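Please find the structures below.
Shared between the two complexes below is chain A, which has chain B as its partner in the first and chain C in the second.
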Partner chain A sequence: MIKDRGFFLSFLIMLLSLFIISTSLYAEEKEIKIGVLYPLSGAAATIGRDLQRAAELTAEIINNKTPGVDIPMAQWGGIPNLGGAKIKLIFVDHRGEPDRGADLAKRLILDDKVVGLMGAYHSSVTKTVSAVAERYGIPMINDSSTSPELTKRGLKWFWRTTPHDDYFNKDLFELLKGLTEGKVKGVKAVPKSQIKNLAYACENTEWGSNVAKSLEAYAKEYGFNIVKGILYTANSPDLTSEAKTLTTAKPDAMLFASYLSDSLLMIRTLKSMKASPRFFWGQDAGFEMADFTKTLGTDTNGVLTRTVFIAKIANVKKVAGQVNALYKKKYGDDLTGATARSIVGVQAWAYVLNKAGSIDRKAIQKACNEINIPANELVMPWAGVKFDATGQNILGRGLIGQYQKTKEGKIDLEIIYPFDLATANMIYPFPGWK
Partner chain B sequence: METIKDALDFRDFSKAERIGLILFTIFLLAFPWIGTGSFVKAVMIQFLLFSLFGMGWNTIGGYGGQVELGKAQYVGIGAYTVSLMMVWWKIPFWVSMPIGVLIAIGYSFIIGYPLFRLKGHYFAIATICTSLVLQDIFINWKLVGAAKGIELPIHEHPDFLYMQFKSDTYYYYFIMVFFYVALFYMNRFRKSKLGYQLRMIKDDEEAAESLGIDARWCKIKAYTIASAFVAVGGGFMAVYNLYIDPYSVMDLDLSIKIALMAMLGGAASLWGPIIGAAFLVPLDRFLGSWLGGYKGLIGVDFMIYAMLIMAVSAYQPRGIWGIIEQFRRKGK
Partner chain C sequence: MMILDALLQGILMGLLFALVALGLNVIFGVMDIVNFAHGEFLMIGMYTTYWTSVLLDIDPLFTLPVAALVGILLGLASYYGLIKYLLRGPAIAQLFGTFGLMLFLRYLAQFLFGIDYRIIQKGVLIGKSLSLGPFIFDWTKIAAAALSLLSFGFVYYFLHKTKLGKALRATSINKEAASYMGIQTDQMNAIAWAIGGGTVGIAGGLLANFYYVYPTVGLLFVMIAFACVAMGGFGSIKGVFFAGILIGIIEMLFPVFGQQIGWEFLGPHFKFTLVYLAYFIIVVVRPQGLFGWKQ
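And then the complex of A and B:
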């Protein structure tokens, strides 16, 4: 009898432990945690929160079957190769501070036990966060930092879906060259002498100063002349002297790398000085945010911005329109280059996890190196997502859009470059502010 | 020998304070093994680092009574020296950090000499200006990475020469050692001739000078000591974060934070900067981390942070240590 009881007891314990193990395994399989670092407060809070929304929406599309979106992942209802496990995004706020980002990355890796990381928008924060990821051997997919150097560091656990600034700056010079060759929709060939002299003003952190360097290099390569180049502090309360320096150089084209508040201030100051360049281009960031046109209204007519996503892309790409409609319905704004990149970031994570079929980091690393997301499954006008040996997506490309006043007096962003995707005639020369 | 004895001598403190220090030391030693998460450990490292900064600031800002708001430039000098020497010539941390401290001392001498012709508000403004000028130079100086900053090469772990470890526990103990060296030094400093001279200058500069104290020279010495402390912390920051740029190590925000923590904790007291850092660092990091992830609560942490600072300074201008002493006096 006693023997029986002992057997019964041990059997019960075995059963219980099996139950506990299986439920814990089950729970592990059911939810995959990805740590997402964005600037949710501080100077870049507006954009950080937009990025957060876009990432959340994408996780919803993946986790729940979403009708009306023609991307396979919208019908998954979780990660298929992981037993329908859901993606859980854990957001943290780094405020644009590199050391805070590094500390939070450690929290995500060691305390929250995330499978991988995403973020961090600011290139400087991405640097420290990716260094932590590398130290712990945790995969990080960067969706939105465009400093070219990020993928030139020989890291083994870092991949970037977005094209970087070198691609975008090259696009600008291709557009300028296209103008002189008559390739731009609605504009006859412009003599090069009309557009030869360029001036730039870039904010002076890592991103802006890199853009400046790259602009100088491409100007030389394409035979343009930089008559003035300045670096300025993005959060300075007054940009009068910077604007004055630009206007007195009398350039044909003005080029900018600015965040939101400084781009608004710069344009207002230039307007008050009646600056009249023929060509006015901004390198993404401030120039492509929803608040840019909301604040400046029709003053943005004719302003060009590089981006990776324009709502009009829906005319040539169905899935982009479908996802944009979902986003607009939920949050009231169109997707922008930044938010669309966040969507691709989460999407890349989902595809990588599905390909790996496991949450083992080595398997994820292998999957990242081999992943190939086809063009027709992306909201972006890219040829796909495929990483080279440095971790850079080699199939991405940029767009250049132009803000144009519609007949109803509203402002629309039209695609000007690449020439084959152009949705409207380019306004040339820049109409200025009258 | 006498100096070391003096540094370790806490007899003039009350029994409660001495027991507190022992318990605090035991807590610090045991902390990594308590089983808190890594984020808490990272916050503790920040706490020790800012205590170190605060203790440095306390020499000139607390005992000397000079409103000094430019300490970030010395954090920058320490951090840049370590980083550049490591990137250019592969020089280990333990060689480059002392060199960084020497450069900071030299630089603070050059800056301090003309700066201490100024007094009061003018001095405070001048310290901010020198720090901003240095930051601007570094933002535009291509040789030192300009605005892009410098990334340190990642080494195989653990590497004691270059101070690179996978686990934060190593960093924790290293900064703890720096922290205690600083604490013992400050314990000696407050009882030293210079410490007394500075307090006299703070109370009445003219009276001090009439007694034959060279006020300007004393201030320069204290300023130099403060800069050396801060440069050690800067060097540590570089190897800990593996990336520095002029915004993260030379910003005005950092200077203000250093001064704020010491002032809030209680300037011109040995424990003040430590209490200030123990109060503000976790508040900043935890609140930001907890509230930052939730929609609708973003930015609330800034408000709580600001309100607490206002409340403390309105109640007792001598900071938290002032409040504690006030209660103790009442108790007696």
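And then the complex of A and C:
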């Protein structure tokens, strides 16, 4: 009996101490730290600033009850299954440098003791950061890097919410094919001979060089002809020889994978050379940033860009309009593909933490693998967020937009592809810069 | 035909590279100081042209005197406000001093103008091209090359034909002897910084006609400027002129040449590799640069 009482007492003490430990754990969990790596200075600082704004806005929506947004997380006021703990984003600046990104990731994990990581925009930086996360067994959700290779490395701690470039390049060729079949809104079927010859210029880091490979592969599959393909050094002081190489190949369509600074210089240089392709497409990045049209103005008329978000999506999706309105009110710009992806990145983190109900990394890993965010809770026109075994979201899809000059001389981004979401007639052929 | 075209385009761009490097070389020639903030001087020249042109609604080409003046004042302010004091310390102090100036100017621009990219949209030459048979040249680049030639002519004349210029060259060859001859070396240093700032201010003003303006834009050009100076010979005006043109030609000709001989794998992304390779070879074979030191 005495023995039993001793056992009972020690069991009680154990239970009590567990309770004390767990309450103290919860007390600590009032703030959940996520390390976010973005390029906040250097050539890509503009995009970094916009991404940071979008991420901060999303954290605010989650941490405080936000009326007027019809997503459940806007009514949470913190993570419900973690006792209303708030998400705290710790931003660090990798300047677009992969080695710096890796150092910062280590610092976030070891010094700041973050629960997980997010970022890093540049695929080249995401590659090194995710390698560090893998080594330390810290979960990383990537919101906006699109090099297909990133989810083909068998990582156990890396998940990507955005569709990757293979999806987007396929969309491009679907659009080209649609043009020849008369499926594009406002354009009669174009003979394939008029659009068959393609030329591309891609920047030569992780992202651009993989876009180039993928373009080559799809061109073959869809029966198009690549007459010229070049890789160039990003942030180049001069792109004359690159532009010259493209124009002398006389392609029907020009395709680009460029960050902002190069996309501006390329268009300026091609304009001075009186380049006149029939089709002009940019693979997101520089081509879909708010600064792209702000800087180039009506020179962007007729330029196509792949993206994942266009403000006009609000016409068909209410929550997209609601969040876009909040963002625009605060910062003056519409959301873009990149900034909207940052929103989904933070949202995915919130849902994962809520599902895990703990900040234990194994629990978070399990939650990531099982998460399923329904389509109607996303600002994106996606079918949802659900990761496959490689960590890739399999429910995402891309859009192709076209910049079009309005009667007032402003520039609007209209949806051209998917054909069922088209918001305007496509301008074809590309009007050039006369 | 393509080679000739690339050659001409290369010369146009090269003249601008040379003008960017000119000021760096004058300052080095006279004072043996490498101005790490040179790229930031260029950036400030670009912003000067941008803001003068946009706010006063005048053609960017007519803003060049303002850009030159701002450059000269910036050069003088840097000399009298910082460099003069650094001269009292060891050589390493000068190195860190101009490096600090670089960071200060860069982040000051970021603070004042933000991180948005800006491009001048309106101007008589902007977006216009000259078609000559199969060749198309950007008018803004032709103007930039012509004004670069003019600036070089002016600086060359100043250094070789005027009394002040001769005093400046004397200072650059032997500071001590020059001061014994009654030359105010302190003034000469200030003049070198004024020329350095003025020429790079003009280069920035010309560049802003066809290039975007951004707080870290100087970084892209200053690397080429350093290569220019080392290739041409430290302190040599002739040297920096021809080195600039050589870099422009290599940069433009190389991708076309690769294509002509069927070496497609040598794409444009290798063009600056070749520029720096040429720099490396020249420095190894002729350490004094193409035209020697302080000629």
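The rule is simple: the second predicted complex is superposed on the first by the 407 of 434 C-alpha atoms of A that agree within 3 Å, B and C clash if a C-alpha of one lies under 4 Å from a C-alpha of the other, contacts with A are read in each partner's own complex, and residues count from 1 in each chain.
Keep this in mind: contacts are C-beta pairs under 8 Å (C-beta built on N, C-alpha and C of every residue); 3 or more make two chains touch, one makes a residue touch a chain.
What you see is a predicted model, and the numbers here were worked out from it, not measured in a lab.
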| item | value |
| --- | --- |
| Overlay on chain A: chain C relative to chain B, clash or fit | clash |
| Contacts of A:Leu104 with chain B and chain C, given as first, second, both or neither | first |
| Partner chain(s) touched by A:Lys271 [first = chain B, second = chain C, both, neither] | second |
| First, second, both or neither for A:Ser236, with chain B first and chain C second | second |
| Partner chain in contact with A:Arg135 - chain B first, chain C second, else both or neither | first |
| Partner chain in contact with A:Ser261 - chain B first, chain C second, else both or neither | second |
| Chain B versus chain C as contact partner of A:Ala45, first or second or both or neither | both |
| Chain B versus chain C as contact partner of A:Asn425, first or second or both or neither | neither |
| Contacts of A:Thr390 with chain B and chain C, given as first, second, both or neither | neither |
| First (chain B), second (chain C), both or neither touched by A:Asn369 | neither |
| When the two complexes are fitted on chain A, the stretch of chain C hitting chain B, from 60-68, 96-104, 150-158 or 240-248 | 96-104 |
| Footprint overlap on chain A, comparing chain B with chain C | 41, 45, 49, 204, 231 |
| For the chain A and chain C complex, residues of the former touching the latter | 41-43, 45-46, 49, 204, 230-233, 235-238, 240-242, 244-245, 248, 260-261, 264-265, 268-269, 271-274, 291, 294-297, 433 |
| Complex contact set, residues of chain C against chain A | 2, 5-6, 9, 13, 110, 115-119, 121, 127-129, 131, 136, 138, 140-141, 210-212, 214-216, 220-221, 224, 251-252, 254-256, 259, 267-269, 271-272 |
| Contact footprint of chain A on chain B as seen in their complex | 37-39, 42-43, 46, 139-140, 146-149, 151, 154, 157, 166, 168, 237, 241-243, 245, 247-248, 285, 288-289, 292-293, 295, 298-299, 301-302 |
| Interface residues, chain A side, partner chain B - complex | 40-41, 45, 49, 52, 90-93, 95, 97-100, 102-104, 106-107, 109-111, 124, 127-128, 131, 134-136, 147, 149, 153, 204-206, 208-210, 231 |
